[in-house]
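Should a chain be cited, it is by its letter among A, B, C, D, E, F, G and H, assigned in written order, with residues numbered from 1 in that chain.
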C-alpha cells in the first residue's frame, strides 16, 4: 500500500503534482501554510497506485512516499 | 511638516501602486515627495514595501527607519514594521488578512478589513485602494480629491475601473476618518 | 513495516528553497542530488553555484560548494578540478550565466576537455534580475528588455547550447533534457547519471542542458508554464544526446569544397 | 516640460535621450535594470539603437565603437559589472572617447549584496582601470539632480573627450521623485564637431584612427602629458560641490556625498533645531574633488565629520585637503546598511562631547 | 603604352608593414583592400584592428580605423555599425584574439546577426606575444607554453572556428580560405568578396577564416611555412563555404531521440 | 642553493614553485610571458598543473577555484590583463581566498605600450576591483627580492586569507640577476590548516562553502567589518620598507619604489659624492603603506622628493603621511620612459637651489 | 609584354615569389636593401607569361606588373 | 667600480647570449651583475640589444642611458648607441658589417672584423664570441678565464662547440687588447 505524505510547510502551492497524478487524487486545500500558500492535499489515498509521479514532479520535495508491504517498482529512475 | 509612511504587504497586493499614487498626489499639491520601493531578488512571495515621504521642504533621507505611519497589509509586514513606528505614530492593519491587533500600546491603531470591504463593493482587487483611503482618512496627508485626480490619470486608459477605485478609496477614507475619532492622530 | 520509497536524497539539504512556486530549478536540484547519492560521491563532490536564481544552490546541496562570479563557473570548476583531480566537480548554470556572459568560459572548458560536469538550466529568461532577454529567449517571447517580443532581426535567434557544444572536436558527453513533467524528468535523470558517470570514470567533459520553467518571469502560472515550455521551447530545443565521447566530430562539413 | 514623478533609472534614461544619446549598450544587473529596460523601449522610438550586450565586457567595448563613430552613447551597470569594464574604460580614456557610464553601486566585495554602498569611490575616482588616467565622476543626491548631471555628463564627455561616470546607489536607481526636463536645453559647453570620429574617410580628409597604442615611449609620454593636462583642466574648471549652512557659523562640518548627504542634511536640521551648529558640504564632482572648498569650509569649523557607506575612502581625499589642520572624525555603515539621521546626530554630539576619536589615514 | 595590371590597391596605405618576411598577414591585408576597392566602399569603411601582430593594421589600410581591446573587435564593430548602419564595418582578428579571449564576443556578434564582416586570421599561434599556444594550435605543435607540443589530453583539440560559427541559427555567411599559395589566394579573395558583398547588401553577418603562416614563431623559413600549413593545417581546417544565409540551420541533430 | 643568474620572470616562477605553488593559470601578455612559459614546463615536473586560460577573466576565476580547493596557486599578467581580473579579485577578497597575483605593469592607459610604468599604483593599492577591500601589495626592486617576496606572498596570502599582489615592471620581468633560493625555507607565518577549503565534505564535517554573497545587509556589514579588521591587522603588522642613508644626516629625502628606487639609489650616491646630503626611503609594501616611516624619515629632511613613473599616484600617500609638514617635490617620466639618475640628481639640485616647485595634491 | 617591377626596398627577402613563379624566372639577389634583406630580382623577364602569381604571392606588395599592348587576362581575381 | 656595456646587433647575431655570458662571468667573480635585454614586439629584423652591468656594489639602475662601452655589431646599432656613450668611453665596431668608423672623436674606438675573424677560424657563427673577446681585451671587465669557464658550462651539452668558441674568444681578446695599446681604455 503506497502512502503519500505531503508536507504542508514545504508545499508552495504550485499545483504541478495535482496535474501530474494519473489517478487525479491530489487536490489543493483551502488552508494557508506558514509561507502563505494554499497547499496540496491527498484526496483519495486508497486509489493511489504508487507511481511516484507526484513525488518526481514536486520541485520542492514536499511529497514523500512510503509503502507498506510489497509493491511493484514501476520504474527505477 | 513631513509625512512619511511605509506601506507593506504581499507582492501582488498593489502596495507599490498606492504608494506611487500617494506620492503623485503630494506632488500635485506642490509638496516635495519621494517614493522608495524595497528592491532586489526578493524571496518571491515575501513582502513588498515602499516608503513615501511628503514634505514642504526638500526631502532629506528618503529612507525612514522610524516611520510616522505604517500600512500593514499582511502579517509578515506587521511583524516587520510595527516595532519601527515612531512613538505616537499610526499603524493601519488590514484585519482581513491579519488576525491579531497591534502589540504596542503607544500607537494610534486603525484596523480595516480592507479585502472584505473591497469585496463588498464588488471590487475584490481594490483592497489596496481601501487601505490608501483609510490612510488618508486617518491622516489627511494629502487631500482625497488630489488622490482621486491621480486615480483618473492612472487609469485613464481603463475608464471602467476608475469609479470602482474611487469608491473603494472613499469607503476607506470614511473608515479611516471614523477610526481617528475621538482623538486626532498626531502623525 | 512501512518502507520509504521516495524521500529527500542525502545530497540535498533539508531546507526550503527560495525558488518561486512551480519553478523547476528545484526539480533539477533534486535530480542532481539523487544522482550524486546513487553514485556514492557526495563526500567528494564540489558544486559551483552560478549567479542567477540558483546563486544560493550552496544552501540547497549537501556538498561542498563554491559560489562563482557571473558566467565563470566553468573556470572556477577548472580551478577546483585541476587542483584536486580526485574530486567530482559540477557547475550549475543558468542560460544568462552560461550562454551570454559565460560563453567563452563554457566553450573553452569543454574544449580543454575538463573532466567536470555542467548542469545547464535553460529557462529562456534571466530569472534573478527580473525577466530580461536571455540568449535562449524564444523569437517573439516578451521580456523586459524586449517588451515587444524578441526580434530576431536585431537580437538574433536563440542559441542552442547543446548543439553548439556538441560541435567541438574534443570528446565530450552533451545532452539535452527537460523536466516539465515527471516522465521526461526520468529521462533527464538518466542524462545526468550518464554525465556524472563519465566524470567518475575520468572519461571526459559532460554537459546536460535541462529545459526549465520560470513561471514568475514568463508571467504565467506553473502548470501553464510547463505547457508553454512543451509547446514553444521543446520543438526548438529537442531533447536527446548530441555527443558522446565515442561519437567523434559533429562539426558540419563545408557546403562547397 | 511639467514635473513628472519618475523612477531614478528611468529619469537617467530619459535624461540621456534628451541629451542626444542615440545608443545604449548594457547588460542587466540589479539595482539598475530599469535603465536598460527603459532604453530598450525608448531608443527605437527616436531612431536610436539598444543592444543587450552579452556581458559588461562587451557592452563597454560597444560604447567604444559607437563613441568612436561620433555618436552619443551610454552604458550603465552596478559594481561587479563596472569592474568588468575596467579594461575598456582605460581604453576609452586612452583613445579619448566621450561616453557616459552609470554605476549604481551595490555593496561588495565580490557578489556582495544589492543594497546601497559607496565602496566604489576609489575605483571611480582613482583607478577605473589600469594606467594613468581619470574619469570625471559626478554623484547626484536626488533624481532631479541625476537627470541634470546625466545631461551635463554628455556635454562634459564631448568637451573633454573623456569618459564621464555617474556614481549613484540603489536609492538613486530605485527611488521615484518629481523630475523636470527643460525644453530647449543648451549644452553647458561649446562643443566642436567630432572631426576625429571614424565616419568613413569620404575622400575629403585623411583617415581617422581611434587608438590608444603608442609603441614609441616618447610618443606615449607625450600622450600621457596631453592627458594629464586635460585632467588638470578638469581640476581647474569642473569642481562641483554644494554647501548647506556653510554661510553661517558652525562648529562641525559634515562631508558626505550622494544619498548619504541627504541623510546628513536631515541630521543637520535636527541638530540645528537643538541649537548645535553644523554645516554640510557635499562634493558633487568626486573627480575632480573639491579639495579647496572643503579646506576653506573646514577652516570655519572646529572639527570635521566624514560620513560614508564604506570603510573609509573619500575620507582620504578629505584628509589630503585638510592636511591635519582640523581633526577628522568618521561615521560609516557597510554592507548595504544605511546611515540614519539619528546616527549622525549622535555622532556629532559625541564629537562635541569628546567621546569620538579622531581618525588618521596615513 | 604600359598599363599597370597589378599595383597597390587604393585601400592599402603606401607603407611597409612591420610583419616578418613571408608572413601572410600582408597578403590578407592586400586581398581585403582589393575587395574594398572593387566594391567601391573605401570611403565609407571602418576597420577594427585587433590586438595581435595586426594591431597596427590601422597604419596599413587606407580607411578609417579603430583599434580594439584584445578579443573585443566584434563588440567594437557592433558599436560602430549600430551607430552608423550606413558604414561598412570589418573586424580583422587573429586566432588568439577571436577564438580565445574573444570567443564570447564573436559568437554573440554572429548570433545577433550584426551586419559586419570579420576577417579571421588563423595562424595556429600567438604571433605577437612570441609564440604561445593558441586555441587553433595543432596537436603536437610546439609552442612556448606547450614546449613538448600541444597535448590534446590537457589542452584539448584545436577549435575549428568556421565550423563553430556555422552552427549558429542566425543567417550568416561563413567560409574558410587560405593564402599559402597564389592559386588558393584567388579563392580567398572570392570568399572575402562574397563576405563584404553580403554586408554591402545588408544581408547578414559574414566571417572568413583565412589560414595564415607565422614563419617566425613556427621557427621555419617562409617557404617551408607554406608547406607546413598545407600539410598540417589544411587537412584539419578544410577550406570552403560552411554557411550561407540561405543554407539554413547547420546544427547537429541529436544522436538519440 | 647556489646563486644562479635568472631572468626575473623565471625567478618569480621558480620562487612560487619553491613556496609550494602547485597551480598556475594565466594568459600571455608582454612583458611577463616568460612566467607562464616557465610554469608550463616546471609545474608538470612537480605534479602540479599549468593551464593556459582563454583570458585573464578566466584565469582569475580559475585561481579562485583552485585556492578554494585549498591549493597554493598563482597567476600573472600585465596591466590590461589585470584590469580584466578586477571582478575576480574582488570575489577573491570577498571570499577570503589566498592567491598570489603578479602584475608586471606596462605603460597605459588602454593598450598603451609595453615598457615600464608605475601607472597601476592606485589600482593595486586602492581599488583592484569594486567594493571595499584591499589586497596586500609588494613591490620588489631586484630579482632576488622578487623571488623572496613571491615566497613571502604565499605565506601572507594564506595567513590573511587574502590575495597578495606582486607589483613589478618590465625590468623586473625581463632583467637577469643572480638569485639564491634557500633550502628548507620556513614560512614566515604560522599557518593553520585550510579547514575551510572545499575538498569534499567527507562525512566528518559540515559542508564548506566559498562565497562572497550576503543578501542580508546586516550579515554583509559584519563581513565587511571582519574584512576591515583584517586589513587593519595588515596595516599594523605587514608594513615593509627600506631606508638608505636614513641613519645619517640629510637635507632631501627621496621616496620611490620598485626599480625606480634603484635609479634613485644611483642618483643618491652621485649626489653624496658631490657632498649633497640625500637619503632614500623605499616602500616595499605599497599596501599597507609605510606612512609612519616616511613621516619620521621626512622629519629629518628639509624637503621630500617623490619619484614615480606616473602622473602622481604614490605621492598622494606620501602627502597623506606628511600632511604638509614638509614641502613635497615630484619628478616623473611617463609612457615607458625611464627616470635616469641624472634627472634625479638635477632635480635634487634644483630643489636645493630653489628652482623646483613644491606640489600639492588636494 | 608583361613587365615585372620589384621594389628592392619593399622586399623582405621571403622567397615566396621565387617559389610561386611557374616560369622559375625570379631569384634572390646578392645585395642587401635598406632593411637589411637580400631582395628578389627578375632573372629572365623575357620568359614571363604575366600570370601575376608572383604579385599575388608577395605579402609585401613589392611586385608590380605592367603590360605593353594586349595580353590575356588569365583570370580576374 | 662599475663596468657597463650595451651590446647591440641584429636579432640572430647572438648578442643576448654574449651579454649573458659576460654577466655570468661577473657573477662567478663575486661581482654584482645585471643583464637587461630590449624587449617587446620588436619589429622583427630590427636591432636586439642588452645592457650588462658589473659592479663591486649592488647594481643601482640596470638601465644605462650613457654606457661606458658599446659593442655595435651592425650599422643601426652603431647609429643608435654611438651618441649615448660616456665621454672617453669605449666603442667597439664590428667592421665586417659596418663600413664606417666612429663619428665621435672623444671615444676609444676598436674596430674588429668579427665576422671575418670568425670565418677564418672556421666558425662563421662565432662573430659574437670574437666581439665579446675583443670587449674583454679592451677592458678586462672580467678575467677571460672566467668567461672561458662560462663557455664550458653553457655548451656543456655540445662539447664540439666549446673549443671553437674559446678560440674565437681568445682571438677577439688579442685583437681587443692590441687595440687598446698604447693608451689603456679609461672605461
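As a convention for this text, a contact is a pair of C-beta atoms (placed from the backbone, for glycine too) under 8 Å apart; a residue touches a chain by one contact, two chains touch by 3 or more.
In UniProt terms, the chains line up like this: A, G = 4Fe-4S dicluster domain-containing protein; B, H = 2-oxoacid:acceptor oxidoreductase family protein; C, E = 2-oxoglutarate oxidoreductase; D, F = 3-methyl-2-oxobutanoate dehydrogenase subunit VorB.
On a predicted model such as this, the values are computed, not experimentally measured, just so you know.
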item	value
Taking each chain's C-alpha mean as its centre, the one farthest from chain E (2-oxoglutarate oxidoreductase)	B
Chain located farthest away, centre of chain D as origin (C-alpha)	G
Where chain E (2-oxoglutarate oxidoreductase) and chain H are represented by their mean Cα positions, the distance between them in whole Å	43
Euclidean distance of C-alpha centroids - chain C (2-oxoglutarate oxidoreductase) vs chain D, Å	38
Euclidean distance of C-alpha centroids - chain A vs chain D, Å	54
Centroid spacing, where centroids are CA-atom means, of chain A and chain C (2-oxoglutarate oxidoreductase) in whole angstrom	26
Where chain G touches two or more other chains at once, by residue number	12, 35, 37
Two or more partner chains touched - positions in chain H	40-41, 45
Chain F residues counted as touching two or more neighbouring chains	30, 49, 51, 54-55, 57, 80, 87, 91, 95, 110-111, 114-115, 211-213, 215
List of chain F residues in touch with chain E (2-oxoglutarate oxidoreductase) within their complex	27-30, 33, 36-37, 40-41, 49-52, 54-57, 80, 110-111
Chain F partner contacts - residues on chain C (2-oxoglutarate oxidoreductase) that touch it in the complex	42-46, 48-49, 55-56, 58, 61-69, 72, 75-84, 87, 104-105, 107-108, 112
Residue ranges of chain E (2-oxoglutarate oxidoreductase) in contact with chain C (2-oxoglutarate oxidoreductase) within the complex	100-104, 107-108, 111-113, 135, 152-160, 163-164, 166-170, 176, 238-244, 247, 250-257
Complex contacts: residues of chain F adjacent to chain H	3, 5, 30-31, 114-115, 142, 170-171, 173-178, 259, 262-263, 265-266, 269, 338, 340-342
Residues on chain E (2-oxoglutarate oxidoreductase) engaged by chain G in the complex (per definition of touch)	1-8, 12, 16-17, 19-27, 30, 181-183, 185-186, 189-190, 215, 221-223, 226
